[in-house]
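By letter and in written order, the chains are A, B and C; residue numbering begins at 1 in each of them.
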Amino acid sequence: MSLLDVENLRVTFPTRQGPAEVVRGVSFSLGRERLGIVGESGSGKSQTGRAILGLTPAPGVTTADRLSFDGIDLRNLGARQWRGLRGKRMSMVMQDPKFSLNPVMPVGKQLMEVLRTHGASRAEAREKSLAMLEAVQIRDPERVFRAYPHELSGGMGQRVMIAMMVVSEPDLLIADEPTSALDVTIQIEVLRILDRLVTDRGMGLIFISHDLRLVSSFCDRVLVMYAGRVVEELKASELHQAQHPYTQGLLNCLPQIDEDRYPLPTLDRDASWAE
Amino acid sequence: MLNVENLEVTFALGADVVRAVRGVSFTVQQGESYGIVGESGSGKSTVLRAICGLAPTSGGRITLDGAELPTPRSPAFYRRVQMVFQDPYASLHPRHTIDSVLSEPLSIQGFDRHDERIEQALEDVGLGAGFRFRYPHQLSGGQRQRVAVARALILEPQIILLDEPTSALDASIQAEVLNLLDRLRAERGLTYVMVSHDLAVISHMCERLLVMQHGLAVEELERADLRGQRAQTDYTRKLLKASAGYTKEDAQA
Amino acid sequence: MTMTRDWLLSDRPVSRRQARLGQIYRTWLDFRTNGLAMFGFLIVLALVLVAIFAPWLAPHDPLLGDLNHTRLLPPLSEGYLLGTDDQGRDILSRLIHGSRITLAVVALVAVIATPVGLLVGTTAGYFGGWVDTVLMRLTDIVLAFPKLILALAFVAALGPGIENAIIAISITAWPPYARLARAETLTIRNSDFIAATKLQGASAARIIWKHIVPLCLSSVIVRVTLDMAGIILTAAGLGFLGLGAQPPQPEWGAMIAGGRNFLVDYWWVATMPGLAIFTVSLGFNLLGDGLRDVLDPKRQK
């Protein structure tokens, strides 16, 4: 049985020119695996992730024929039911840790708070938080535990953010560009942490990114989104067999270290892709 | 043409002193495209800012055609050296039309025939005169970056400093902007100094490159060395490997 | 009509003028959706219209009353909608003419205090260092004086009168704008578009005037509009104390002061100008709130 089922997901925002649909009928199902969602800005990939967690910003409206997580229908959950799910069973990692951590509270306290709201005792929470910081490859967990978010570097902050999101051992993690703000060398470390969580704990991961190469090297399956729709679904290992011209174009237009191509192939957007 | 010798840049950050650039030297030949690669905090952008006088130098020399650059830089310097910034959303004034963005450098530097030059610059970067009276918020990221390139070109400089010009853009738009930069260099014999965190972009654009880490120059490579994976230092090798993406090895490490 | 609209909302304006007008029109469309702000705007617009057409609107002479027949008539008396005061003057006519004084105070304070505040704030913020220290300490000093007391001192020194009251209020009004402009400038001065302008060889004056001031202007305008209520009240306060407009000028604060002596028996003499002050202050506050919503650059996409 799959962990998450999404059928015909739509997200609409009202604008002065009438309603704008940013996600237009996305369907997929997710097991305990790594699923990548790739697209350029405006493709609706982030809104898809937010909609699954019921975080579509007002005045946006989400509809779906089916949106179920482990048998729970997510479509008409009340605030209390969402609280029981978000942060406990499903979590989200955002692009920039600076905006997601509380700037006036030490990191350790924030971690403990998550655990405490989920019913751990003080000592338990502290112990578990430290263990979690260690698990995300932070060398000096005691120091980071006491640090404020602004005292951490970008990579460190992102790891803390991941620790925070996975400390309650969620079944589903949605990571929205978790490594885009990071240097390549740190990016690999963060991916390794996410990878472990999937293989060791059997978590389901949705990895949202603009970087097709990175996603395909990391995930099991990839959904390619364009203008609010999934234009192609691929096994990551079969990326080079992509059929859709958009996917091919995305792959080709990247410069390569060991290639000489002048000019670089560009993407001729076809109006029919959006239909 | 452009020579940087033992450049030092130090910032006071509260009580701390941050040595952002520590003794970096390199030479850029006329017509060359020179790359600087590094991760955040490596000081690569600070080098560019120091060249054009936006960051204070605390040591070393920067010379253009053998002559040391005066501080503050003279208006004549800015006719020869221009810069394109990383974030096209931050580098255009939100309340100025493209027309005023492009006409301002012309009036500061006392150029004639504004209308003609502005329309030509917009044609050159592939936008067309129809964009002239739009505001930045009416443009996409790629179009904004084209405007930023047009602004740099309109003073007809010889050297263009490119600070991560495509890292805020989508991959397909990045390709378009890189092609544009390539074409302009070929047409006008421009000299580029380009900073990026992306080895693939640098290897596509630049004949030679400098790898920087923590404010120090790690090593200088030719493009062929990069392609042949012939890096001398561990750090560069690590960068090269990380750029290849996530591998099975990474999972086990 | 639709053609004008399309021309204004065009994504491809073909001239500087079209681009600018289009921008203003879009802001107006945004503003129009805010009901309370529109209400405030209409009040302020009404104030302006009444001030312009005062001589034609006022049914009676605001300065001369008939002491024998029309003294202290209650509101809704025939020909005297809001009643008359102790000099037998029509209160409505006095309010209508008083709107000119109120508007003059508001406009002059805005015209004097806003540029001073903007100039001091942006200069301090842009240059930093000792320039910043000197200018901002000066601002702090002015800010440390209680507004009304300083205004009182000025009026006492220069002599009572509406002109001196305006100068006094302006002198005490600019520091908050300087602080606001400085804070905005600090966030703007390190942005890339300022760096790009420096790289064209632009002078500091040009950068401040053409690049920084336009971005600070909107938040300062919002602040000034919100302060208008306070300025009107300060002017009225000075009038009330007899230090602002001098009798027989129909200044609203002075009118309240005049009605104070017989507030219990003839309530309307003080209440009517009080209501006028209240309405106009409310109008400016609502307008300011609405302007903040449409002008604040941080809210724009």
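In this section, contacts are C-beta pairs under 8 Å (C-beta built on N, C-alpha and C of every residue); 3 or more make two chains touch, one makes a residue touch a chain.
This structure is a prediction, so every number in the text was calculated from the model and none was measured.
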Contact graph of the chains (line, ring, star, complete, other): line
Outermost chain relative to chain B, judged by CA means, is C
CA centroids of chain B and chain C: separation to the nearest Å works out as 47
Note: chain B sits from chain A at a C-alpha centroid distance in Å of 31
The answer for chain A against chain B in the complex is residues 40-41, 153-154, 183-188, 191-192, 195, 199, 210-214, 216-218, 249-250, 253-258, 261-267
Touching chain C in the complex, chain B uses residues 49, 52-54, 74-75, 78, 82-83, 85-87, 90-97, 99, 104-105, 108-109, 130-131, 133-135, 137-138, 148, 151, 155
Chain C contacts chain B in the complex at 11-16, 18-19, 23, 191-193, 195-202, 206, 210-211, 214-215, 297, 300-301
Note: in the complex, chain B contacts chain A through residues 39-41, 141, 170-176, 178-179, 182-183, 197, 199-201, 203-205, 226-227, 238-240, 242-243, 245-247, 250-251, 253
